[in-house]
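Consider the two complexes below, in which chain A is the common component and chain B and chain C are the respective partners.
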Partner chain A sequence: MKTNLRKNSKAIIILVIIAAFLFVAARGMSGRDVLITVLRGFSTGSVTFLVAAGFSLIFGLLDVLNLAQGTLYMIGAYVGWTVYVRPDTFIDVLTPVLLILAGFSLSALWGRLASRIQLAPKARKIISWLLILAGLGLLALVLTRYPIAIWNLNNYSESPITYSYMADQGLRIIPAEVTFEKISPFLAIAGLLVSSAISAFGIALLNRNESRSQTINWRKFLVPALLLLGGILAAVFNAQITSWMFAMSTNWLFVIAILIAILSGVGLGALMETTLIRPLYSRPIYQLMLTLGLGTIGLQIVQAVWGRPEFVWPKPEFFTGTGGACPATNLADLLENNCSTVFLLGGRVRVYDEIFIPIVGIIVLIVVWILLKRSRIGMIIRAGVQDRQMVEALGINVRRVFTLVFALGVGLATFGGALAAPSTGLTPVMGERLLLSALIALAIGGLTSFPGAALGSLLVGLIQQFMIKYGQIGIPLPFTDVVFKPSPPLVPASTVLLMVIVLLILPGGLLGSKE
Partner chain B sequence: MSNILEVKNIHSFINQFHILQDVDFVVPEGSITALLGRNGAGKTTTLKSILGLASVREGKVIFEGREVQGMPPFEIAALGIGFVPEHRAIFRDLSVEENLKIAERNKGDLDRKRTFIFDLFPDLKKFLNLRGTDLSGGQQQMLAIARALVADNSLLLIDEPSEGLAPVIIEHMIDAIRQLSEQSTVVLVEQNFLVASKLAKYFVIIEEGKSVASGLMKDLEADKAMIHRYLGAA
Partner chain C sequence: MKNNSSFLTKNRGILIFFAVMLLAPFLIGLFEGSTPLMIWGNQGSLSKFIEGLGIEIFILALFALSFDLLFGITGLLSFGHAMFFAVAAYLTGIALKTLAMPFWGVVLLVLLAAIVQALLFSLVLPRVKGITFTLVSLGLASVFHIIVMSSDMINLTGADVGLQGVPVPAFISPVTERLRFYVIALTLLVATYLFYRRFVASPTGRVCVAIRENEDRAKMLGYNTTIFKVVVMIISSLTAATAGMLHALYQPSISPSIADLGFTVTGLLIVLIGGVGTLSGAIVGAFAFRLLDFTLRRFMGESASFITGAIYVIFVLFVPYGIVGTIRMRQLRTKPGWQRLLGMVKPKN
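Our next item is the complex of A and B:
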């Protein structure tokens, strides 16, 4: 403990200085303002933390700087919004997604077959790629004929504002059901399954060596079969499920939306790692360009589908009550009336923005911490950060752990987006801002340190919110009569300043390793 | 007697570098085989080639009758090969207990092997909750060997276990390796000829990436000229 204190003495001194600075600065504020600003700091910090923690986990184990993390955060928000406000689109998209997953999950089975096929290496490569491309081409062909509202891009990208507005008023527009017209349902389902299975076979053929010792049992069929079943059920009962979701309590819809946002991040992460990142592990520069490029592509796609203008994600019922004893002054009132605000120290505090988000942030912190410290996967991650070869030499499939960590890291980012959106609204540029904050937070806290990510994010959140508050009320400079009002550009600048100061004193960040 | 491992004329690469150029030897089951040779001869690379950590571009590695070259390292290791690398590679951020636990291939491996491991290295029991970094060199070496014993490995590849250890501890290490060789076959890389000659029944000499001699250890001990030629002073 003593050596720990000495080792971290510089970090502790910096923290004390920051705390003293905030304390002095806060003296110009009322207690109410301080409380609200601190809570908002925790809120911004929590969201930043989700993105930063994902970034740091990925970088720590895989040495990949995932610059797409900001875009993925944004995608999480848009996916969550879609499930929440446009469940019809979600259910329409669900069928093809499940079918494609079913097709690709067959690749584990194909491995055995592919390893039997004897071909010259060059021929195998060419045939694999032909199969993959043919499969993907067919896939695109079938997919564009699928009845999904999104395919009518011009129309769709105009609509989010209207839908959000109506949902916010408690009125749900129920869009007309889209039906199979350009293609028979049977052909559509079979087409997606077959085309993705062809691609999957191509991939299995390409990676022939990896799956030599696989055994086939019924369990390997379970996942593809369940996915297939799910896809077909979603297609058959499309209308029923959609109207059921439209009628559902918004609280449950919100939970589903968050879960789907996380799952889509996990899926996107796994897909990115296995297809694009994996071939580039020995080429860090290409990786950097790849993640940056993917981020831009993702941004363009989101803009094309949902449009550029900003729109809102109406909060669920649980956080929007106004009647009765609202703003609540005690917990019982709050829970009974689902108040949107509470009175704390005489000030109004928004429940979702300033209380719920920080709580979720802290829960995620604890859950991931336990995962890292107590589970076998966490143990493998901690060991793999230091020495991958030795972990492999113990008989552990490190690649699979890589995929898992990448998926988890991206899942945290999309979770962050979906969590923040009801508070911040949705705009395609939301990701860029947050990525910058998250990177600064990591530089402050230490790039590969998990507690560092939390601490850095909290500091960045607090500084940002204090600067915003000062911009509103002005800060009396000590020993003078001057009242200084920081302009909005100073908000990000102040975090950069903090980063520079910390890095000058501690190049590894506050809790980073000292090597 | 059958051979648990056959290394057949392998050529291995680390990155672009062609490091092994025709290494060829067999390891009979149930004994200790020493890989000898000067510094930089290619002994470590030979062990890595067996495990797939260095890429074998030509030749064959046959473990328990099965060709394993080209398979990913984790699959090769999972067939029952334990690895005790040069410089130990203890996981710093893991406790001693976790360093053992991570080597489990099936749930409960560690609990089954606990008595065996702690009979071999009673000291480890005292350090279970320390972190990997807080151990001395000798303790790290014990932990590295113990880690390779957690799963059921029929072959152990041990790289320079006596490196940097005090003579008393080396004696202890020799006893331990002799004991565990009653359970598994051992391939031992050793710079310290005395240690190798005390333990090994067979030897293989590697020189500039080639295997140049092999046979019974007791014949080598008698052949001072050969020792001098390949291993320098002895």
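Our next item is the complex of A and C:
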């Protein structure tokens, strides 16, 4: 204990100083303000933590600094919004996505076949690239003709802003269905499946050596078959599922939206790791540049699909009640009336923003902590952070763990996006801002340390919220009558300042390992 | 073959480039039927347009050169490099517009600010290495971007609309004296490139390369690596500031997008297209990038930036050494081939 204290003396001193600052800062406010500011700090901290945790997991095990994390956070928010406000679009998109996934998941089976084909290396390369390109071309051909009910950015009455505004008022516009006009449904489904299977075969042909030793049994067919079934069911019962989702309670819709956001993040993460990040493990700087580029491209795509203007994600029913005994003063009232606000210490606290988000953040912290400390996969991850080569030498397929961790990290980021969007709204700059906060949190807490990510996020959230609060009430400077009001730009500036100071004293961060 | 190492032969490529670029406006003027004399008097729309495109390319090339020195030669990956550029651009604009300072005073002020900024970044250099340095630089630059965009500074920076209406001194006004501006930008680029070549070949430059390859070993050999890094940082910052100043003088408005991460990515993309650590790659990359961007924007509109991003990813994955780097690597293989071809044409003696 004593040596532990001495080892971490600097970190403890910094924490004590920050705590003292926060204490002094809190003294100037009423108890109500302090409570609300602290709760808001926890809320911001929780969202930052979700992104930062994924970041630190990925960086710890893979040594990849995933700078696309901010954009992925944003994608999570936008995907969740689409499921929540426009379920019809989601169901329309579901079919092609599932079918393409089914086609590509055949790649493992193709590998077996591809390894039998004897070709000169150059011919193999050319043929496989041709197959991949042909498959993608066919895919593009089918996809451009596939009917998807979507908003129209050029027409204000059909823009995302209008849809979310109407949903917020409780009036859901149920848009007109689109039908198969340019292509017959059968042809569309077959085309999607065949084109993705061709590309998958090309990919399998390209790297045949990896899949040579795999055996084939019925389990290998299970995933593609399930995906195929799901895709076809979604296409056949499109209208029924859509109307069912529109009639559904918004609470359940919200849960589905969050789940889909997480799933899309996991899928995107796995895709990114296997196709783009994996070839670059020998060139870490290029990985960094790649993730940065992917982040920029993702931002462009989001702006092209959902448009630049800001819009809101209406909160589910459970958090929007106003009638009856609202704002609630006790738990029973709150649960009975689904109040949007509660009275705490004489101040109004918003349930979703300031209570629900921190609770979810803490739950995720505990779950991931247990996953890391108590499960076999967590043990492998921790061992991999310590010494990757040794884990490989012990006969563990580290590559699969890498993909898993990357997918998990990205899933956490998209989860954060979907969770934060109802309280912050959706803007094209939300990703960049959060990336900055998460990076600062990580640098403060220590890049590879998971508890460090939690501590750093909490500090960043608290400091940001205290600065915002002081921007409203002003700080009376000592010995003068001047009241200093920090303006909004000083909020991120203050956290960066903290980061620079911490890094100057402790280059590894507060809880990071010393190098 | 005799080893001819005079100044002219060693820098043949860049000198030919200089001459071609000097003549280019006049030659292009001939296509639209304006005589060299008319071009001299800044008439002729096509050549003026080409000059404008050239100036933009030179500015990007200067920026990319400074980035290549920092990242490609010394191995310091800074994600805040756009800040060097943007601070100079905004300072030029504000000093000319709001403070109404004399032009040469502005130049001095900007260069001084560049040095101060480099020292600010250097403050963290001795403690922070590798990826953490990247993060710190990203943080510092983001703060600058946020401040520029904030509504408190709207009178100075124009917030998200950008700084407009900067009074440019008449003698280098890009409207009336564009040829002069073009020649000045070109000369600055060529001079900077020559200086950089000399710098990399000097003992100081060699130490910088050693720092990139293995900093601990360089330290072990007795070099105070921090000082070398600070020197490189200052040179790089001065170059980026020059580019930023030219940008502020040339563009009708300074948009805040030059301060964000996207502009650093642009610099990175240029260096990557040209070839990391090759110096001449920065110039080649700037040409390739700007011309590509121009063509794509013309034919594809808004989706151009998406394609640029895709090209970036393709370069990272498949052409990691860039155009110049790949050519240099292939040279060992292609040179004997060329000589064999020449031997067939040339009579053997």
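One rule holds for everything that comes next: the second predicted complex is superposed on the first by the 501 of 515 C-alpha atoms of A that agree within 3 Å, B and C clash if a C-alpha of one lies under 4 Å from a C-alpha of the other, contacts with A are read in each partner's own complex, and residues count from 1 in each chain.
Here, a residue touches a chain if its C-beta (ideal position, glycine included) is under 8 Å from a C-beta of that chain, and two chains touch if they have at least 3 such contacts.
All of these numbers come straight from a predicted model, not from anything done at the bench.
With both structures placed on the common chain, the touch criterion links A:Ala393 to chain B but leaves chain C unconnected.
A simple residue count on chain A separates chain B from chain C, and the partner touching more is C. Contacts of A:Met499 after superposition: chain C is touched, whereas chain B is not reached.
When the two structures are aligned on the shared chain, A:Leu22 is found in touch with neither chain B nor chain C. Once chain A of one complex is fitted onto chain A of the other, the partner contacts of A:Leu439 are limited to chain C, with no touch recorded for chain B. Applying the stated contact rule after C-alpha superposition, one finds that A:Ile127 touches neither chain B nor chain C.
Residues 209-210, 212-213, 376, 379-380, 382-383, 385-387, 389-399 of chain A are the ones that touch chain B when the two sit in their complex.
Partner chain A is touched in their complex by these residues of chain B: 51, 53, 70-75, 77-78, 83, 85, 89, 91-94, 98, 101-103, 105, 147, 151.
Residue ranges on chain C touching chain A, taken from their complex, read 77, 79, 123-124, 127-129, 131-132, 134-136, 138-140, 142-143, 146-147, 149-150, 152, 260-262, 265, 268-269, 272, 302-303, 305-306, 309-310, 312-313, 316-317, 320. On the side of chain A, the complex with chain C involves touching residues 65, 276, 279-280, 283, 285-286, 288-290, 292-294, 296-297, 300-301, 304, 432, 436, 439-440, 442-443, 447, 487-489, 492-493, 496, 499-500, 503-504, 507.
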